[in-house]
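A, B and C are the chain letters, set down in written order, and residue numbers restart from 1 in every chain.
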Amino acid sequence: METRHRELDPRLFESVEIDAYEGERIAGPPVGFWKDSWVRLKKNRGALISLAVLVLVFIVAFVIGPLISTHSPYDQNMTQRYLGPTSDYWFGTDKFGRDMWTRVWAGARVSLYIGLLAALLDIFVGVVYGAVSGYLGGRVDDVMQRIIEILNGIPSLIIAILAMIVFNPGIITISIAIGLTGWTFMARIVRGRMIQLKDQEFALASRSLGASGFRVVWKHLIPNSLGLIVINLMFTIPSAIFAEAFLSFIGLGIQVPEASLGSLISDGAGELRFHPYLLWLPSIVFCLLMICFNLLGDGLRDALDPKMRK
Amino acid sequence: MLRYVARRTLYMLLALFVIISVTFFISKALPGTPFADDKLTPQIRKQLYEKYGLDEPILVQYEKYMLNVAQGDLGNSFYFESRPVSQMILQRLPVSMFIGVQAVIFGLVIGMVLGIVAALRHNTLWDTLAVVVAVLGVSVPSFVLGPILQYWLGLKLGWFPIAFFESWIYSVLPSLALSVFVISTVARFIRTEMLEVMGQDYITLAKAKGLSGLAVILKHVLRNALIPLVTVMAPLTIYLITGSLVVEQIFAVPGIGEQFVQSIVVNDYSMILGTTIFFSVLFILALLIQDIMYGIIDPRIRISGAKE
Amino acid sequence: MAMNNDNILEVRDLRISFGTYAGEVQAVRGVSFDLRRRETLAIVGESGSGKSVTAKSLMRLLPEANTIFKGGEAIFDGRDLLKLSEKQMQRVRGPKIAMVFQDPMTSLDPTMKVGNQISESLRKHLGMSRAKARERSVELLKLVGIPNAEERVKQYPHQFSGGMRQRVVIAIALACEPQILIADEPTTALDVTIQAQILDLLRELQEKIGTSVILITHDLGVVASVADRIAVMYAGKIVEMGTVRETFYDPQMPYTWGLLASIPLPTADRSQDLIPIPGSPPDMSDPPKGCPFTARCPYAMRVCPTEFPEYTTFSAEHKAACWLHHPMAPNVEPPARVGGTR
């Protein structure tokens, strides 16, 4: 032995229990999936600001906006047309003298409502379809997938236009038209996840303990797919909001005297030359909604599924 | 490969069949045809019904309708007395195509450059720019962008005319309004795809061979990142179709989209249904070409008929 | 220090970290070793111990974005690899040092014909014409034992099985007859019979071409059959190093004991004897300042977590870092399962 050793305190060479050091080195309690995701989301400033803005828009659109205004979105006042933003009419008035402030927020309410309804439909149709298809597998899955493939060949917004022509235009028709055509993507994602999960140990264990198929899906597979579902919903919502505004813009959506951001933008575009504020105000609110939902969606995707980062 | 193409074609034909059937039954369920007008005497109404074949049993009508559509006959416009719908569509097609193709070319070029630069300069100002453009592009729809361009480049700066279609200069603003979405989609897609490819083992191996950075990018990264770009073709087609509805409306461009919106306003049902079928065919063709092209450039599909 | 003539590569005090959102991950924390001409040096250690990072840093293939080079040198041909410019490095990769990666399924470009992937480096480094390079690729494929090579060069990677793909990757690595071949777990992703074939192939080619090999693995069985010397890594440090003989028959460090106890002996009844090491390696974003194995070491002493032990030398080749070799430490015998290999 050539190595030179320093003189050290002999007590240093007493043996110790391993546990004493293991305890010292454990970094902290393991963090759960959702908590972990929340930590990641909090690091994303764009997503956080978007969330805050959305909450704010929600509150203003549903509570504060209508409450603090003395005007109604429908009352016409021919003596007060094209007023431009004033201290009385904060967003001005339109060509019938209607108050734009309340009309814009009524439009925002429609957008938010459509977004939520489309999300619900996406869950009830898309998630259920995907879960059934993926869990059952075999022939059923085959047929269900072929159906989706055919549906994907159908341009959904065009079908929504037809639906709007046949049925009475209105918020319910719009929601159904948008919801019925928008769920296939969700179904595919959920199905893929089901197939990936169903042979994993916890599902097998649960099945071997005699749990019914429904129970396995509901108690094990769906909770484990929740992250993916949430991410997807965050992209369904803005596209539904867009679809409604689009339909309303070409005159097929919300009918007068109701207001939607799409129809307000359409009216505003016609008044561009002399009363541009009629275009700017609804456009700003609409784009704000879209940007916030998209940024929040991006943020959630990065936070919930770092591997899926796109 | 052949089986793959045959299978895709079959699905597309089925989808088309579903769409045309839907349009037919919708046309039967419509609340009011132009002939439901109370001012018409029963006599004239009967004549009209006979003229348009509306008095036959529904299945016979269905069969006739399907056969006609299969031959490209979309019926006659209700509104513009008896002008064939297909002729009216074809007449307006060139203008819409011109604006759409111009938007796609412009969008592809700018979007690809932006996406590639963003990926190569990941986490720099360029990257941030690409991300911002991508979010704005999907968040600001053409029906907001169109009026903004009209106001700013047309009214304020006076660079471009804001309506009608008389020469090339008139196409600039509509194409621009359509292209922003293309730019953002393509830039986002290329950026993501390149970042993903650059993290792959085969890129590390290419570097480990001692290839220069440029050779690695050109021969391996771009090749792998651009192949999937084919898959944006169908989504872009459907976007251009729906986009043309609003953009042509905003800029008063005499294209198919503007005609479609007008036919909705005047309840010209045969025009609406005919255009719907035309749009669907366009979309399905794009989808089919997309799938086949993907098969041709990706050796994994070309050779084994399926992706691993 | 003058370069020993037998050494083709001398790595000194290599330190590499990564910037991550959880802080700085210290993947390699002062690694030193020599690679002799024509030898096979095995680097073993658990997942995450820094083997791949060590290997990739020699090729300078770590991601530029978040790699923090903390220090050290790697002398090859009288030059420090870690200080070469990117241009100079491109002339080293391929003809001087080549690499084989762990997963053959992802190592080949799916959109390029296999032949072209081999030709690329031939054309770049040996200046071959297209036709010449193609001819040579066929030869190389034959060399690595791919039947029907003339046909196979025109195929795409997905038309090859995993084992065949790894042969292609080896052909690419050997195309320019490199002086050093770094094989990072070349057989981990393959099934057992193919593993043996690939290892045989590597050994055979090494003899033919005369390359030195750095073989990274966590399979000690592989080490025993192909390596000359072995370096045991734990938490970014080399904790024991020696000839395969010395290290297997006379291991000097509890972590090595644990590793040896966890491999099946060819003679023994496998089901009974395998003893995995309990616990898991430390978090490298906050590595312990003493011996990193302390928390899992059955012989831990008070001194262990306070300071990393010096290396004790047992022979010209054999050294280990463990406080048990301090003269003041109690005498500890390796467990019977390891002693049994003596």
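Note that a contact is a pair of C-beta atoms (placed from the backbone, for glycine too) under 8 Å apart; a residue touches a chain by one contact, two chains touch by 3 or more.
Everything numeric here is computed off the predicted structure, so don't read it as measured data.
K.L.:
May I ask which two chains are joined by the most contacting C-beta pairs?
P.N.:
By contact count, the leading interface is A-B.
K.L.:
By C-alpha centroid distance to the whole-protein centroid, which chain wins?
P.N.:
Closest chain centre to the overall C-alpha centroid: A.
K.L.:
Taking each chain's centre as its mean C-alpha position, how far apart are subunit B and subunit C in Å?
P.N.:
Computed from C-alpha means, the inter-chain centre distance equals 53 Å.
K.L.:
Using mean C-alpha positions as chain centres, tell me how far subunit A is from subunit B in Å, no decimals.
P.N.:
Result: the chain centres lie 25 Å from each other.
K.L.:
Quick one: report the Å distance separating subunit A from subunit C, using the average Cα coordinate of each chain.
P.N.:
47
K.L.:
Which of the residues in subunit B come into contact with subunit A in the complex?
P.N.:
Result: residues 11-12, 14-16, 18-19, 22-23, 26, 29-31, 135-136, 138-141, 143-144, 146-148, 150-151, 155, 188, 192, 238, 241-242, 245-246, 249-250, 261, 264-265, 269, 272-273, 276, 279-280, 283-284, 287 of subunit B touch subunit A.
K.L.:
Which residues of subunit A touch subunit B once you look at their complex with the stated criterion?
P.N.:
Interface residues on the subunit A side: 146, 149-155, 157-159, 161-162, 165-166, 238, 242, 245-246, 249-252, 262, 265-266, 268-269, 272-273, 276, 279, 283, 286-287, 290-291, 294-295, 298, 310.
K.L.:
Within their complex, state which residues of subunit A touch subunit C.
P.N.:
1-3, 5, 8, 10-16, 18, 21-22, 24-25, 27, 43
K.L.:
Can you tell me which positions in subunit C touch subunit B when the two form their complex?
P.N.:
Residue positions touching the partner: 56, 59, 61, 65, 86, 90-95, 98-99, 101, 103, 106-112, 120-121, 124-125, 156, 158-159, 169, 172-173.
K.L.:
Can you tell me which positions in subunit B touch subunit C when the two form their complex?
P.N.:
Per the touch definition, subunit B meets subunit C at residues 122-123, 200-202, 204-213, 215, 219-220, 223-224, 227, 298-300, 303-304, 308.
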